[in-house]
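First chain written, first letter: the chains are A, B, C, D and E, and each begins at residue 1.
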Amino acid sequence: MITGPIVDAAFFLFAAGAIISGYRVFRTDSMVRAAFYLLASFAAVGGILVLLGSEFLGMVLILMMAGEMLIMAIVMVMFMMNPAGLNPMVMVHQNRVAALAGVVAFLALGGVALLGEFPSRPAPKPAAATRELGEELLGDSMLVFQTAGVTLLATMIGAIAITSSRGRHGSAEEGSSEPPLQPDEEDKA
Amino acid sequence: MNGGAGMVAVVGDVLPEIALVLGGIVVLLYALFATADRQVGAALLALATVTIASLLTLRMLAHDQIVTFFGTYARDGGALWAKLIVLAATAATIGLSVPWFRRDPRHGEYYTLLLFSALGAVLLAGATDLKEFIVAMLLSSATGFVLCAYHRRSSPAAEAAIKYYLIGALANSALLIGVAFLFGLAGGTTLEALATGLPDHSLTAVVGVGLVILGIAFKIGAVPAHAWVPDVAQGAPAPVAAFVTAVPKVGGFLFLARFVLALPDSSVGWQLMIALLAAATMTLGNLASLWQDDLRRLLGWSAVSQTGYGLMAIVAIGRSDLAVPALLFFLLAYVPANLAAFGVVVELRGRTAITDYAGLARSRPALAGGLALSFLSFIGVPPLSGFVAKLLLFVVAMEVGYTWLAVVAAVNTVISIFYYVRVLAPAYFGDLRAPMPVLGRAAAWTALASAAALVVTGIAAEPFMAAFKAVGLLIR
Amino acid sequence: MLSLAIFVPIAAAIAFAFLPRTARLAGRERWLQAIATVIAAIPLGLLVIAWLRFEGTGGFEQVEAVEWIPTLGVGYRVGIDGLSLPLAAMTALLFVVSVAYPVDFRGRPVPYFVLMLFLEGVSIGLFLALDLFLFFVLWDVSLVAMYFLIAAWGHGDAQRSALKFFIYTFAGSLPLLLAILGLYLATEPRTFDMAEIIRQQPLAGAGLYATVVFIGFFIGFAIKTPLVPVHTWLPPAHVDAPGPASAILAGVLLKMGTYGFVRILMSMMPDTWARFALPIAILATIAIVYGALVALAQTNLKRLIAYTSINHMGYVVLGLAAAGTVVTGQEAARAIALTGATVEMVAHGLITGALFLISGSILTRGGTYEIDAYGGLLTRARWLTGLAALLIFASLGLPGLAGFVAEVQIFVGTLAIYPALAAVALLGIVITAALFLRMLGRLFLGTLPEHWRGFPDLGRAEAVALGALAAVVLLIGVSPAWLLGVVDSFAGPFVGRP
Amino acid sequence: MSTEAVLIVAAALFGIGVYGALSQQSFVMLMMGLELMINAAILALVVLWARAAGGNPQGQMLGVVFLTVMAVEMAIGFALITGVYRVRRADITEKLRRLKG
Amino acid sequence: MNVLILPLLPLVAAGVVWLTAGRPRLAAGVAVGVLVATLAVGLWAAMATPGTTIAWSPAIELTLRVDGFGRLMVVLVPFIAAPIVAYAAASEPEGRTRLLVLMLAFVAAMLMLVVAADFVTLLIGWELVGATSWALIGHTWRDRSNVEAGTQAFLTTRLGDLGLYVAAGAAFAASGSFAFDALPGASSPWREIVAGGVLLAAAAKSAQVPFSPWLFAAMAGPTPVSALLHSATLVAAGVYLLIRLAPALEPVAWFLPLTALIGIVTALAGGIVATFQTHMKRVLAASTSAQYGLMFVAVGAGSTAAAGAQLVTHAAFKSLLFLAVGSAIHATGSALLGRFRLGRVLPFVAAAAGVGSLALAGIPPLGGAWSKEAVLGAAIETSIGLGVATLTAGFLSALYAGRLQLLAFGSGEPPLRVRRPTSTELVAIGTLAAASVALGALWIPGVSAILQTLTGTRLPSGGPWEFAVALATVAAGGLAVLLLERRGHLLDLGLRPSLRAGVEDWLMLPRLTSALVVAPTLRLSLALARADDRVIDAGVRASARTARLVSSLVDRHVEFSIDGVVQTVAAGTLRAADVSRVADDAGVDRAIEATGRGIGLAGHQSRRLQTGLTHHYFVIVAVGLALIAVVLAAAR
C-alpha cells in the first residue's frame, strides 16, 4: 500500500468522482448516459482499490463493468421503450421515501465507519496480494472457487434458456406454458 | 496451500456435490443431443443423479462429523440430513415436472438447472464460511430465478420471476456490505473466525449481522424479504413453485442456524430479533392467507407462515439440545407437505381457484386425501409429522424462555385452520361442478408418496429423532 | 388386550376406507351398518373382559407399553385404573349404540362408518392413554374426526357449526399442548409417561411456573368440558350435528375435558389444583346455574339438551374442585365427591347420549327441533315417550337411575367442603327438573296436533339401542356397587383416605 | 486516506444505491442502484482487508465472490428483463402488478 | 324374610299389572290382592322389625329397617292404599292400568321411604314418591294443564328436597356416614344444617306455608290419587320424617320452636282457606295443610307421639272424605259446593262422609278427636299462646268440616241425574269409615301407650278443663255452621266475592310465589339465553375486533411511509366505511365465522401490504432491515 499526500489527493479525486458520478446516474435524463456515469463511478472505485493495494480486484472491476455497461446499453437500445433510450425522461416513484432510505443507509453505514470499531491490522505485504489470491483460489478457497464456476455455468445456461428465441427443436416459445386445465385444449395450445 | 494428497482426501468429502455437478452436465449434454421425443430421458438421468447423490450421502452418515475444505464446508449430521431432504425433494420435483413440462421443447436444460439449484441448497446447508455462503446463495437464487421464469409464454411466471429476482438482488446486494463489515471485524470469513473475532456489543456487528440475516430471510421467505413467495407460488410453473418454496429453505435454515451459532452470546441480541421475525413472519403469512381465493397463492403465503414456525427452532439454537433436531424435523415435515400440496395442484393441471376444488373428494378421493393430509400436517394435527415438528418447536421455544413465541405460534395455528378448512370444506362437502382432468400418474404418485411420508415420519418419528439427536452442527 | 380395543376399530376403519365406491353399495347400507356395529362391539367386549380382570389395586393395571419416541420420552402406554376403565367402557357402549343407530347417510355410508369406527378407537384410546403425548395426539385427532362427522352429515348450517367447533376446540387444544410441554420440560429425566410424572410431581411448589402451566391446561380442558363462558361452541355444534354424532360429542368428547382435569391436573399438580379449587368451584357453580337457566329458555330441543350438558358438566367440575382441596378430616367427603364426579361423567355420557339419539329420531320424523311444533306424541309413540321419559328423569337426577347416584355423591362431597356453593348448585337440580318436565310435557303430552297423526313410533333398531342404554342407566341407578367399587379404587387412594 | 474516509465514501455510494433502487421505475435503472450498492460493498471490503484484516487473502477471495455476484445478478437480471418485456411489454415496476394480495 | 320385600312387593306387582294390560278385572285383583299381602307383610314387619343393609361403596351403605314409628307406618300405608286402589280400579276408566301401575309404584316408593334408616335411602324413597306423584297428578295427560299441575307439585316439593340433599351432605360431613343412628353425635354446625334441611324438606312435602299451594295443583289428579297422596303417603312423609328425626335434632335450639311456628301458621292459614273454599276437593286440600300443620305443632311441642296419633287418624278420615267427595263429584259431574246436596240420593256415602267430617272436626269418641286433644295438650304444655292458636285451628276445622258436610251431603235439592257408586267403591268407602270409627279405640288408655313406645316420646296428659275447652271450641264451630246455614250465608260466608277469591286462592300465596320466584327465574333465564347468544360470543368477537384495530393501525403506518399522510386520511375514512359494511355483511355471509371475523379483517388488511408493486416491497425490506438493526442493537 502506498501512502503520502499524492495518494491522498488521488483518493479524494477518485472518491469525489465515484460519489458524484454515482449520484449523476439517477439525475440524468438518458439511460445511456446513466450507464456511462455508473461506469465512471465504478472506474473511480476501481482506482481507490488500486490505491489500497488491490490491483487485481480494481482492474477486474473496471474491465467487467466496461463490458457490462456495453451489454446494458445494448439491452436498453434493443428492448426499452424510448428508441435508443437516449431521450430525456424522468421515471421516479416514491422519491422522498427513497431519498430518506438512502440518507438513513448512509448515516448508518457512515456511523459505523466513524465508530472506529474495526481493529487496526494493516496488511503486511500488499504487493503479494494477487499472488496470495491465486493461492487462495486454488487452495483454501477451492470449494468456493468451484462453486462460483458452477454458478457461472448455471447462469449461462439459465440466461440462454430464458432469452434465446430459437430452441433446438423449433421455436423456444412453442409449448412453454402451463398445461391447460382441460386436456382437449392441449392441441390448440 | 496443502499438498495434493490432502486435496484428494478433501474431495472425498463432497462426493454427493460432485455427483450433482457431473449429473447436471451429463443431463445438459444429453439434452443437447437427444431428439425432441427423447427429452424425457433427461428426467431419468436427473433422477439417477439424485439417487446416486443420495446413496453417497447415506454412506457418509456413518462417518465422523467434520468441517472440511479448510474451514469452509461442514460434513456433519446437519448438513447430511439436509442434503437428504433436499435430494428427496428434488426427486419428487422431478416426478412432478415430467408430466408438467411434457410439451416444453427445452425440457432438458430444466433438469440441469434443477440439479444445480439443489446443489446450491446443499452447499448452503453445509457452508461454514461467508464466501461459500454467498456463492451458494447465488447459485441457489440464480437457478431459482430462471426456473421460475421457465414458461416463456406465461405472463404470471415472468412477473413472478422478476419480482423474485428484484427482491433477491436487493437482499443480496445489501448482504454483501454486511459481510464486508463482518470480515473487517473478525479478520476472516469463516464462521470460526466470526465466533472468535467478533467484538462484544459492537454496533458494527449489529449492522453486519442484520444484513446477513436479511439475506437469509430472503432465502427462507421470512419477513421482511418475504414478498416474493406468494408471487412465485402463484406464477411460477407449479413444480418449480413446489421446489422453490421448499428446497432453498432447507439450506437457508441450516446456514442461519450455523450463523447464529457462530455469534458470540454477548455481541448481538439475535435471539429476540429472530423471535420477533418468527412472530411477524407467521402472523403475516397466516393473515394474508385468510382470504386467498387462489390455492397456489395461498400455499405461498402459508409457506411464509411455516417459515415463521421454523424460525422458532433458530431462537433456541445453541441453548437447547433439541433445537437442531427440532429444526431438522420441521424441515422433514414441511418439505413433503409442501410437495404434496403442490403435487396435487400439478396433478390437477395447475387448477388453482379454490372454487374449482369443490367436490374433489367425490371426483378424486385420493388426491383430496393427499391435500387434506398435507394441510393437516401444516396445521400440526397428530399423528402427522407436522405435529411432531410443531411440538418440538414449542418445546425448544419454551425451553429457552420464549413461551410468548410459542403462544403466538399457537394462536397463529388456530388462525391457520380457517383458511386450510376454507379449501378442504368445499373439496369434501361441495358438489362437483365439472370433471377434473388430471395430468398423469407420475405427479399423482409423487404427491401421494409425499403425503404418505407425512404419516410415516409422524408415527415412526423415533428413528429420525434418534438420528437428529446425534446430529452436530459444526462451525469449526 | 387394551390395545386391541383401540386398534380393532381403527384398523376396521382403514379397511372400510378401501371398500368399493358408494354406487355399488346402494341398498346394502343395512348390512354395512350391521358389520360396523359388530366391529364397534368388539372393544366393548374386550373392555368387559378387562373389567372382570380388574383388581382395583389403586395403581394402573393391565399396562401395555412400547417405546415410541424414546428420545423425547414418548411411549405408547395404555392401562386402566378406576377412573379410566368406566369411562372407556361407557365410551365403547355409546359407540356401539351410535353406530347401530339409524341415520341419514346422505348417500355416503362408507365414510360415515369409517369416521365413526375411527373415532371410537381414538376415544377409547384417549381414556386408556398413559402417556401425555399419546393423549394429546388422540385428543386432536378426535377433533378432526368429529369435524368431518358434523360437517358432512349435519344439517342446517352444519359446516359453519363444524368449523366453529373445530376452531374453538382446537384453540383450546393449543394451550393444552403448551401446558403439556411446560410440564414435560419440568420432568427429570424428561418424559411424557403419566405414571412417571405423577410419581415425580415435577411442579410441586413451582409457584408462578406451575400457575402458568395450570392455566394452560385449565383453558384447554375448560373449553372441551365446556365451562361457562367458553361454551358457545357447544350449542351450534350439537344442533347441526347428526344424532349419533351429537351423542358421541356430548357423551364422549366432553368427558375428555373433565377426564383431563382428573388425570392430569389433579394427579400431576395437586397442590396447584388445591390452590385454585375455590375459583374453579365458583366457576363450576356458575356453569351449573347458568347452564340450567339458559336451558330453561330454549325452545329448540337440541339446544336445550346441549345447555343441560353445560349444567351437568358443571356438577362434575364442582365435584372435582371439592375433591382436589386439602381439607384435613374430610377425606371421606373428598373421595365421595370424586367418585360422584366420575360416575356423573359415565352417567351423563349414557343419558345425554341417549337423549341426543332420541332428538335425532324426533328430527327424522318431524323435521324440526322446535319443541312447540310437537305435542301429545304419547298418543302415537309410546316407546319413544317411555324411553324419553325414563332418560329425562335420569337426567334430572331421579333415584333409581344413574344420574342420582352421581349427583347425590357430588352434592354430599361438595357440601362438606364448600357448603355455600353446594347450596347454590343444588338450585340447578330444581331448574333442570323444571325444564325437563316442561319439555316432556310439551313434546309428548297434551293433545296431538292433527298433522302428526302419522307420527311413527321408534323402529326396532332404535328401540333396542336406546333400551340398551336405558338398561345400563337403570342398572347403575338401582345397583351401582359394581361401578362405585371400581371408581372408589381410584378415588380412595387419591384422597389418601385412611 | 484514512480507513474512515474510505468507509464513508462506501457509505455514500451505498446510500445512493439504495436511493436508486427504491426510486427508479425502470428495471434497468433500478439495477444500477443495486450495482452501486455492490460497488460500495467492494470498496468497504477492500479497505477493511487492507487495514483491518491484516491482508488476509480470504478478503481478496471475498472480493472475487462479490464480483461474481455482480456479474451473475446482472446477467440473470438482463435475461429476466428481456423475458418479461417479451411477454408483457413491461419495463417499469408499475406495469407488473397482476400478482398481488 | 327381608325387609326389602316391603317395597319390592308392590313394585313387582306394578310390573305384573303392567303386563296384564287390557284385562281390567285381573289388574284390579292383582293390585288389591298384593296390597293386602303387603299389609300382611307390614304386620309381620311391625312385629319382627327386620333390617338390612346394602353396600354401594365404602362411603354409601343403604340401611333399611322397620323400627320406631315406622312399625306403624308399614301397616298404615298398605291399609289405606288397598281400599283406595280398589276404589280407583272401579271408578277411573281412563288409563286404568297405568293408574294402577303408578299407584302401586307409588306405594312401593312410600314404603321404601318408610323403612329408610339413612339419608340416601330416604332420598331415594323421597324423590321416587315425588316423581310417581307427578305422574299420578298428570294422569289425564291429554289435558296439558294437568301435566303442568303435576310439574308444579313436583317442583315445589323438589325445592324442599334440596333440604334433604343438604341434610344428607351435612350428616355425612359430620360423621362420615349417612345413617340416622349417627345423627346424635353430629357436631355443630353440621347438626344445625341437618336440622334446617330436614325441616325444609318436611315443610315442603307436608304442604306447609309457604309451600302449601302445590296441594291445590295436586288436585288435578283423579280423586283416588288425591286420597292416596293426602292421607298416609306423600304429604305424610314430611311429618313422618320429623317424627323420626326430631329427637335427634332436638338439641338445635331453634328447631322445635320453628317447627311449631310453621305448623301453627299453616294450621290457621289452611283453616281459613278451607273455610272459604267453594271447591270440594280444595276444601279437603287446604284442610290437609292445616291438619299437617297441627302435626308440626305437636312435633314442635316435643310430642312426636301426638303427631303420630294425628297422622294415623288423619290418614283414615282424610282418605275416607276424599273418596266420599270423589263419589259426589262422580255422581254430579261437578266439584263445586252449593249446587246440589246429595244427602238423600247417596245416603250411605253421606253417612260415611259424616263420620269423616266428625273426625275432622274432632268430635269424640272418634279417634280424630283424641289425637287433636293430644296435640292441644302438647301445645298448651309448651306455651299458652300456642295452645290458644291450636284451639283456634280446632275451631276452624270444625267450621269447615261442618260446612263441607252440610253443603255437600246435607239434605237438600238433588240433581236430576246421578251416577250411583259401584259396590266396590262403597266397600272401599265403608272400610275406611270403619277404620275411622275403630280408631276411637285410641280413647282406651292402653292403646295410646303403643304410640309412646313407638315414637319414644311422651303423650301429654291433658287435664279435664283442657278437654272441656276443646269440646266447647268444637261445639262453637258446629254452632257457627248452623247459624250460617240458617242465615243462608254458609256458602259465601258473607264475604265480598273479590276478597273471597283471594282467600280461596291460598291467600294469594301462589301469585306471590309466581311474582317473586317463578317469573323472575323465567325472565332471568330468557335474558341469559339471549345474552348467551349475543354477549358471550361477542366477547370472543370483541377480541377479534381488537386484532383488527391493531392490524389497521399497523397498516396505516405502513401506508404512511408508502403513500403519504393525505392519502392515508382518505383511505382511512374509506376503510372505516368499508369495515362497517363488511361487519354488516358478515351476518349475511355464512362463510364468515363470527370468531374469525376480526381476524379475517386483519387478513384483508395484511393483504394490502402485498400491493404487487416491487418498489413497495423494497420499502418493506428497507424498513424491516432498519427494524432488525434496531432490535439487534437494543437487545445486545
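Heads up, the rule we're going with is that contacts are C-beta pairs under 8 Å (C-beta built on N, C-alpha and C of every residue); 3 or more make two chains touch, one makes a residue touch a chain.
As the structure is a computational prediction, the values presented were derived from the model and not from experiment.
Considering every other chain in turn, the ones in contact with both chain A and chain D prove to be B, E. Pairwise, the chains sharing the most contacting C-beta pairs are A-D. With respect to chain E, maximal separation of chain centres occurs for A (centres as means of Cα atoms). When every chain is represented by the mean of its C-alpha atoms, the one lying closest to the mean of all protein C-alpha atoms is C. Chain C has its Cα centroid 43 Å from the Cα centroid of chain B.
Chain C and chain E have CA centres that are 32 Å apart. Averaged C-alpha coordinates put the centre of chain A at 95 Å from the centre of chain E.
Distance between chain A and chain C, defined via averaged C-alpha coordinates, is recorded as 68 Å. Those residues of chain B in touch with two or more other chains are numbered 131, 135, 138, 142, 145-146, 149, 152-154, 162-163, 166, 170, 174, 177, 181, 184-185, 187, 203, 207, 230, 288, 418.
Looking at chain D, one finds that residues 10, 14, 17-18, 21-23, 25, 30, 35, 40, 42, 44, 48-49, 52-54, 58, 61, 65, 68, 72, 76, 79-81, 83, 93-94, 96, 98-99, 101 touch two or more other chains. Taken residue by residue, chain C touches two or more other chains at 163, 167, whereas all remaining positions touch fewer.
A complete list of chain pairs in contact reads A-B, A-D, A-E, B-C, B-D, B-E, C-E, D-E. The part of chain B that touches chain C in the complex is made up of residues 325, 376, 379, 381-383, 387-388, 391-392, 394-395, 398-399, 403, 406-407, 410-411, 413-414, 417-418, 421, 425, 428-429, 461-462, 465-466, 469.
For chain B in complex with chain D, the touching residues are 130-131, 134-135, 138, 142, 145-146, 149, 152-156, 158-163, 165-166, 169-170, 172-174, 176-177, 179-181, 183-185, 187-190, 230-231, 234-235, 288, 292, 297. On the side of chain B, the complex with chain A involves touching residues 1-2, 7, 14, 21, 24, 28, 32, 35-36, 69-73, 99-100, 102-106, 109-110, 112-113, 116-117, 119-120, 123, 129, 131-132, 135-136, 138-139, 142-143, 145-146, 149-154, 177, 181, 184-185, 187, 199, 202-205, 207, 237-238, 349-351, 437, 439. Chain E makes touch with chain B in their complex at residues 551, 591, 593, 596, 599-600, 602-607, 609-610, 614, 617-618, 620-621, 623-625, 627-629, 631-636. If you check the complex, the residues on chain E that touch chain A are 561-562, 615-616, 619, 622, 626, 629.
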